[in-house]
Every structure is written in C-alpha cells, then in structure tokens.
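Okay, so chain A shows up in both of these, paired with chain B first and chain C after.
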Partner chain A sequence: MSSARHLLGFFDRASQVVAAVRALQDKKIVVTDVYSPVPNEEIVELVAGKRPSRVRYGTALGAISGICGGLGLALWTAGVWHLVVDGKPVFGLIPFVVVGFELTILLGAILNLIALLIFARLPHRGFPTNAYRPQFSDDRFGIWVTAEPSRAAEAKETLVSAGALEVQDVEPQTRQEARV
Partner chain B sequence: MSQLTDEVLAASPRDAGGKLLPAGLALVGLAGLGIGFAGDRRAGWVALLVGTVLALGAGMFGILLSAIFEITGARWGRVYRRLAEASVVLMPTGIIGVLVLLAGAGDYLPWLNGQELHGHKALWLSRGFWSLRILLSVGICYSVGLAFLYSSLRRDFCTTWVKERYAGRLSRLLGHGIKDAEAEAQRCSRRMAVIAPLVAMLYAVTFSMLGFDLIMSLEPEWYSTLYGAWYFVGPMVNGLGLLAIASVVLRRHLPLSTYLTTKRQSDLATLLFAFVLLNTDFFWSQYLTIWYSHLPEETGYIIKRSIDFRLPWAGLSYLSLFGFFAIPFVALLFRRVKRSGPLLISVAVINVTGIVLARFLEVAPALIDLGTHATVHAIARPLLATLMAVLGVLGAGWGLYRSLLTAVPIMPVGDPIFVEMFGDDHK
Partner chain C sequence: MSEHRVNPNLGRLSYAQVNRDILATLGKPGKIYLGLLIFCLGLVAVGGYCWGQIIWKGVGVTNLNNPVGWGLLITTFVFWVGIGHAGTLISAILFLLRVPWRTAIFRAAETTTIFAVVTAGLFPLIHLGRVWAMYYILPYANGRQLWPNFRSPLVWDVLAISTYLTVSAIFFFVGLVPDIAAIRDRSKVSAVRWVWKILSLGWMGSTRQWKHYLAAYVLFAGLATPLVISVHSVVSWDFAMSVIPGWHTTIFAPYFVAGAILSGLAMVLTILIPLRAAFRIGHIIRLYHLEGMAKVLLFTSLIVGYAYATEFFIAWYSGNPFEIAIFKFRPTGHYAGIFWGMVTCNVVIPSLFFFKKVRTSLVGLLLVAIAVNFGMWFERFNIIVTSLSHDFLPHNWGSYWPSPVEWGILAGSFGWFFLLFLMFVKILPSISLAEVKESMPEGVKEDAA
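For the complex of A and B:
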C-alpha cells in the first residue's frame, strides 16, 4: 500500500458521512479514519466496529476499589478507635454503606478519566495526523480514505456522490500509514 | 408534505398492545377492589389508597418531565415529550380516587376511629383541614400542570396540517381562536417557559404534602421530614419505567423508528438509572437518620416493617428493596439491557413493582393490625387486591393513553427544537 492514494472528504452532515462510509465499505475501499466535531455512535460503530471501549475496565477497577476501600476504611477506623455513637454497634454497616458508596463513585469517576486519557492517547502534542483539519473540531466532518491508485477515482466519486463538499489529497504520517 | 409529517400522521396507536387489554385489566382492577372490600374493608382501602397514589403521581409525571425538558433545553428527550405528557390521562382516575378516599376517611383513618391526638397534631389532623390540604395540593398542582400541557399541545395546533388532520372535539378546543399561527406558537412557547419552573417547584411542594397527608398521616405518632422527598421521587421513577415500557411497545407497533431510536432508548434507561439511585438515596437518608437517632416513636415504624420477622411485612420489604433498587441498579449498568426492548421492559416492570410494594408497605401495616405473630397468608388478600387495583389503573390508563395519542400528534411537531432536529434532515 505504499503507493496508495490518500483522500480526505469534507462533509457538513452526519447523515452524509454515514452514507459515504457505508458506500465505501460496500465497495471494499479502506476508510482509514473519520473525524467528527460531535460524538456520533453510528459513525463510531461503522468505523471501529461494535467492540466496547476498554475505558470501562478502568471504571470498574475504580468502582470496585472504591467500595472495598470505603468499607475497609470505615471498618478499620471504627475498629481502631471503638467509636460508639448513640449506643450503636461499633461495626454498624448501615452508615458505612454511605462511605463505601461515595468512594465507589469517586474512584470510579477518577479512574474513568485516567483510562480515557490513556486509551485516547491524550493529550496530543500536535494534530493527531496530517489528515486532521481544525474544521473537524468546528462544523465539518472528515473521511480519510486510502485506495489503490487504480481505485482512487472511484473512491473520490463515492465521496462526492454522498455529498462531500470537497475532496483533497493528503500525505499521511508514517505511523498512520502503518495502521493502514 | 414532508417525510416527518407522513410518519407522524401514520402513527395512530389506537390498537397498539392489544385491543381488549385495557378493558380486561380495568375489570381486573375492579375485581381487586371487590375482593378488598368484601369482608374486612381495610384491605379494600389499602388497595384503593395505593392505586390512587399511583394514578395521582403518574398523571402528573409526564407534564413534570416535559417541564424539565423545557427548563433544561434537553434535545435528546424531545421525542419522548408527547409520550410522557399523555400520562395526563391518569389524572381523572387519581382525582376520583382522592374523592372516594376523602369521603370514606371515617372508615379507615385510625385517628377518626378512636385514636386520640393531642396539641398541634389534633389541629393539623382535623378532618376538614386534612381534606382541604389534600384538595388544594391536587388542585394547585394539576391546574398549573394542565396549563403547561395546554400550551404544549396548542403549539402543535399552530401547524396547518395538524389542524387539518386532527378534527376531534379535543383538537377543536386546542386549535380554537388561532388567527396568527406563528405569533400564537411563540406565545405558547413563552408561556411554557414561564410555567415550567412553577410546575417543577409546585410538584415538589404539593406532592410532599400529599405524601404527608395521604400516607404519613395513617400513623400519626410517626413522622419524618424526609418522607415528602422520598414520596415525590417515587412517581418520577415509576413514570420513567412506564414511559420506557410505553415507548418500546409503541415503537414495535408504529412507524416511529426514526424518532425512538435505540440510542435514545438507552438515554431514557440511563435517566431511569439515575432516578433509581436518587430514589434509593432518599430512602437511605431517611432510614439512616432513624437508625442513628434511635428514637422510639421513629424506630417502631421501621421495626414493624423491616426487622420484625415474626410479621410478613419484613420479607416483603426486602423484596421491595430488590425491586426498586438492587435489580434495576445492577441491570441498568449493562448497555445491552438499556438497548434491548424486552430486557428494558422487564427491568421497568420489576422497578414499578418494587415502588408499588414500597407504597403498600407504608399503607398496609398502618391499617391492618396483625398482632405480634402472623404468616404471609394474613396479608394475601390486601396484597392481591392492591396488585389487581394497580393493574386496573395501569390498564385503564393504557386505553386512555392510546386514545389521547390518537387525538393529538404523537410527536411534539410544534416544538421548535423538535422541528430543528427533524424538520429538515437528521443533521
């Protein structure tokens, strides 16, 4: 694929992007990446498949650590200090649930954020690829297509007929080429 | 005529979910009340009270959710707006139930049957003042809610094709006197923006009062300032569960897949999950406070219902906790459950049952004295009567719900945000 052509289609509607990606995939033309200014589950599923995000493992780890840590902390401190409040048992599970619940949410949320940063490889020091354009964080969608030179015209035609406002040639970075 | 118009016109839910089902369930409900009132009438009062409370809350829930969408400007929920608002059909059932409860109060209220009250409580729980508070709470909340709903529906009738298509008595009322449609639609929007916060605030206040007067007053020696909050969140959880069921059923029978997408169903389920947590939060806050303070006048209420296993209430309490918290909480963590219609319906049914059981457990032990020992057979009749009455309320409500959604557009086609989302293209 080293001689492959890289095309970048610009769109202003999510529905057109979905139609274009479907058409390209039907023709077995490689959709290398799609850029969107807003989250769109349909596009993600088309491009990345229905595989669930790995971020959830981070969240689950945080939540489980939180409930164990919260209950453990409450039980441990109650055991050390023998805090008797209002004649209640030292190890009263009812109030400890609150500590356990709060730490579940807190650590779950923190590890969710950390996992998101790790798996999304954030923060980027520059634009993620040469194909990325600042408009893709504003009001434009972008489809990056990689095609053999003999099929480049067909790929361009597919993008245009799906409603592309513009189609550009791009020179991707080596790392991204390797992904293809 | 646009694709949107065609799809909305085609969506007439008159027979969705079984033609005879509503009438059948309504008969089951009446039979339940019959079983309850035969013999010792207390089982009947329990069933009527729980059924009325369910209808009162569900009747207001949809308008409240619509008002919340108005206040927050939420886009995702626009497609659920009308489906929620149509729950207003349960208002008459709730009002009839309240009137019967007020009329028959002398037959079931302990403090009108020999229980002595002293000081300010005797004044607070005098029959006239008690009845007046209930009527005012229902009247104020429902009036403001209906004013909001009227504007929401009238805004749809400012669209020409809606006026042409819907020609019944209700649509004539809603479209009456519209001369300048655009100006009238804007007037409706402004009115809704003003009324929406009032709906939310009045709901919290009036439904707290209804909780205190309809339920907490059954055991006047027990009181909890948190009870109002715990009570008024219940209809919201119930309502979201019922809305999830209704939307899944309607999507199956009507060409609404453009609007009621799997993604939006998942969002609705996430909102339900949030309210399940909020409901449990209020429940736990109340339980924890009573547990810690350990005051005899407060703990007796909890001991009878959840700790004393010589009585059948305790087992039912844990069943209720599983229904309104544990099962929905775990199930709704999974995306697959939120995106699957049958699974979401199952979770919603469990959740609604859990809330109904919680209300039953607040009412029944106060009215039915089981002594110090009793088996589950002792509560079989009131429980059966209550569940049947609840089925009756929901069945009759489903029939009226379908009729209302046939008489007005099933989607809020006059809502500017809805039009922005679907009027042109699915941008």
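For the complex of A and C:
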C-alpha cells in the first residue's frame, strides 16, 4: 500500500467519530489513528481493539518487586546486628509489613509510569505526525484513514456522511505510517 | 463518551470555550496577584529567618523543653500532611467511584496535596535542629552496615510521606500531560513552545496514547487509594505506638484519616472560592461542585465528632486513671480554649452544612472552610501538646506555648504554601481541560455556548 492515500477527517462530536469509525471498519477501510481532545473508551476499543493495555504488567512487576524488596530490606537489616530494641522481636513481621506496603505502592506507581511511557511510546520522537493538528487538543476530533487510491473517494464519502466538517489529504511522515 | 461521567451541571459550554477560559487563567497577572505574591514572599522570608535562628542558635530558641518535646513544629507537620489528603481523595477515590463533581476541582485539589506535603516535609527537618543530620533516618547503603530501625513508626513515617509525595507527583504530572499539550498547541513564542513540547512528551491524543493512558490512570488511582488511607494512619502511629496517655489508642488511624480529609477539603474550598472569583471561572467551577465538597466535608466532620466522643467514652470505660486524667485535663485544663476551639470549628460550625442555604452560599462555604482550617490546627495541637504536658507523673507536668520563632515558622509555612500555589496557577491550568471536556454533554457548538 505504498501508493495509498491518507485522508484526515475533522469532527466535533465523539459520537460522530464512533459512527464514522464503525462505518469505515464495516467497509474494510483502514483507520490508522484517531486523535481526540478527550479520553473516550469507545473510540479506543474500536480502533485499538478490546485487548487490555499491557501497562498493568509493569504495574504488577513494580508492586511485587516493592513488597519483596521492602520486606527483604527490613528483614535483612534487622538481621545485620540482631539488636533487641524495647523488648520487641528482632524480626517483627507486623511492623515490617508497613515497609513492604509503602514500597509496593511506590514501585508499583513508578513502574506504572515507566510502562505507560513505553507502551504509549512517550516521549513521542516523531511529534507532530503529519496528520496531527493543534485543534485536536482543543475542540476537534480527527480520523486518519489510509485507503487504496481506488477507494479514497469511498473513504472520503464515508467520513463526510458520518458528519466530518472537513476532509484533508495528508502525507505519511514515516515509512511505518506509509506501510499501514 | 461514557454516559455515567457526563455532568449535566456543566451547562452549555463548548470544548473551545473550556480551553479558552481555562487557559486564560495563565494570562498576565494583575496587581492583586502581584500584591499577594509579595505578601507570601514576605511571610516566607519571616519563616526563613526564624528557621535560620534555629540553625544558628539551636532549638533553644523554641519553647520546647521537658516534658513537651513536640510542639508547634510537629503540630504543623501533622496539620500540613492532613491538608494534603483531599487531593488524592478527590483525584483517586472519587475517580474510581465516578463522582461527577470531581472533574472541575481535582486539579486544584491535587496541587494542594503536592504543595501541602512539600510544606509538611520541611517541619521534621526544622524540628530536628541540626538539619544536616537528616540523612541518618534514610535507609542508604553504607560501609558500617548501620540501618534505620524499621520497627520505629518514625521510619515508617519517612517512608509513607516520601512515597505519598512521589506517587502524588507522578499522578499529578500524568494528569497534566494532555493539558500541557493544549498549552503547547496554543503557544506562539517558539522558545516557550519548545519547553511545552518537551513537557507534553509529544502528546497528540492518539488512540494508542489514550489507551495506555486510561489504563495507567486507573492503576494510579487504584494504588493511590490505599496510600491515602495509609499515610495518615502511619502519621497517627507516630503517637499511637507510644504509651503516652491520650496517644496510645487504636482509634487514632481512622480518626486521623477522617480529620485529614476534613482539613484537606476545607483547604481546597478555601483556595477554590477566591480562585473562581479571581479568574471569573464560576461557569466551570459551579456551586454544584462546591456543594458536593461541602457534603463530603460534613460527612467527615461527623466522623471526626464521633471520634472525639469515642475517645472520651473509651477513657471512661477503660477505667485507666491516666487516660481519665488526660481527658479531664483537655476540656478543663489550661489548654481548654484550644480544645473547645477544636470542637466548635470541626464539629459545630461544619454542621451548618446540613442547611442547603449555607452549602450553596459562597460566603457560607468560605467561612466554614476557614473555621475548619483553624479547627484542624487546634486538633493537632490538642492531641500533641496536651498529652505531653500531662503524662503519668504529676511532678513531671508542665506547660508549653510556642515562642515567636515558632509562630514565625508557622506563618512562613502558610506563605510558602500559598506562594507555590500562586505560582502554579499562572504556569499550569488549575482545572483539567481534558476531564472537564470529558464530563460535558457533547455537541455544544461555540455559537451556542
């Protein structure tokens, strides 16, 4: 599809975007991306699929490392000198749970952030893509469609009939985008 | 658009109007703003001078002495940590519960959290006197194999507060990214735009970005929710783990958490009401949002009132003469004014929120919120100082009243907190663009707004 045409439809309502994406997908026209000024789970599911984000694996890894690391640190440091303080047990599991808990949250949150950056590909080095417009952080939604030249008119008509305010031609910026 | 998150009370605003009106708050500051900024800087200078006195002359310049070794500085530490609780409550717990009125106010609440915790973190350092020795409590690797005692609640406190600050700051920054992108896209000066471009991480609101963002945001909220409960529980254990009468009680953790949320909500209201008036954003932060906060404030005030009553009941029911003595001393001893001020400001005055007329009056909301701010400081003072001044042995009893140096540091902390907040509201949007838009009914055109 290296000679494919790239179209960008502008919308002002999320419900129109949902309708347009559904119509395009029904016609087997590729929706490359959707830009949205607001989070919208319906659009995300339609375009990126229903498979849950993998960010959660990073969070789980952080949380497990945190509880192991926190308890391990407290137990190990208590064992270095074996000092009895205030008659309390040297290996006091109940107080050490506090340390384990705090590190669970801390590392869980840090790895959650790292996983977000990795999977969402942030910072985005190719910013802005040729399809991005400043209005997409304001009051417009954008649907970026990639279609064979023979089907570009059909794609454009689908966008317009779903309520697109405007449809523009865009040039893909990277080879990866052109390959879609 | 998720139907359950649509908030009809936001009225007929368009997306563009939300962007324009919220980003207009970042415009050129006026004379009142600059005056407030200078006033806060003055307070910070006073606080800095007083802290300098402690460093230069030693903790003798405070009135801390036997038997009261924890006074105004620790009182104010606990007070500011408590203030920092509303932000995460509103941004995490209310997010998970899908409470619609949080969207317009959570950014201001999160900011309050960050700056309150930053302010609170200074107090153990100030109280330490020899601030340069603070690293002793950190679990750093060292050749002598000397480690902090992880059975000590003071070490838990260091871990809890630093975790809370880190997680809140991450949560806060992640929430800001889409809004920073909006600022970037409106920015006309190339150097400034370049800074926003870096801070926005190249955010475009693409499907991939939103997908992982939404997942991460829910997980942040899920992690922050137990954290917000744990932090003030840990702070309460600084006291409850000791054997001092009036401190050694199992009710402290829930009592402190409820009090923290009460004080945090009061501070957020104290900030939001002047903010919406100054920036003329009453159409975005509506009475509906403030009333929602007032209801939660009333609820937490009732919990706090219940905790006050339970403490007295348990002291009597336990038959422990030391507990009974301290609970007789609090309302009748020489700190009785503080005790009754606490009860009045935290229980009696907030009960005015039972009346819708007060909940929906800006003056009423502000006055009650300010009263609670005072009341919560009184509560911390009442818990900390009265117990220490009246322990087991009558010949050990003593009294404490803060010195001018300590009062100066208290004033400086307020100056520092409000200085940070004033600077924030002119640099970044104090209301979330993306979430306010998400909660709006869709399809409002610019000309209809």
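The criterion applied here is as follows: the second predicted complex is superposed on the first by the 168 of 180 C-alpha atoms of A that agree within 3 Å, B and C clash if a C-alpha of one lies under 4 Å from a C-alpha of the other, contacts with A are read in each partner's own complex, and residues count from 1 in each chain.
Criterion: contacts are C-beta pairs under 8 Å (C-beta built on N, C-alpha and C of every residue); 3 or more make two chains touch, one makes a residue touch a chain.
Since we're looking at a predicted model, the values are computed, not measured.
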Should A:V97 be classified as contacting the first partner (chain B), the second (chain C), both, or neither? first
Which partner does A:S15 reach: the first (chain B), the second (chain C), both, or neither? both
When the two structures are overlaid on chain A, which partner does A:G87 contact: first (chain B), second (chain C), both, or neither? first
What's your read, chain B or chain C touching more residues of chain A? C
Chain B versus chain C as contact partner of A:T146, first or second or both or neither: neither
Quick one: is A:T158 in contact with chain B, with chain C, with both, or with neither? Answer first, second, both or neither. neither
Is A:E41 in contact with chain B, with chain C, with both, or with neither (first, second, both, neither)? both
Once the two structures are fitted together, what part of chain A is touched by chain B and by chain C alike? 13-15, 41, 52, 85, 88, 92, 95, 98
Provide the residue numbers of chain C that touch chain A in the complex, in ascending order. 1-2, 14-16, 19, 139, 145, 147-151, 155-156, 159-160, 163, 166-167, 170-171, 174, 177-178, 181-182, 184-186, 197-198, 201-216, 219-220, 223-224, 226-227, 230, 234, 433-434, 437-438, 442-443, 445-446
Show which residues of chain B lie in contact with chain A when the two form their complex. 263, 284, 287-288, 291-294, 335, 425-427
Give the list of chain A residues in touch with chain B in this complex. 13-15, 41, 52, 85-88, 92, 94-95, 97-98
Show me the residue ranges of chain A that touch chain C in the complex, using the header's touch definition. 12-15, 33-44, 47-48, 52-56, 59, 63, 73-74, 77-78, 80-81, 85, 88, 92, 95-96, 98-99, 101-103, 105-106, 108-110, 112-113, 115-117, 119-129, 132, 134, 136-139
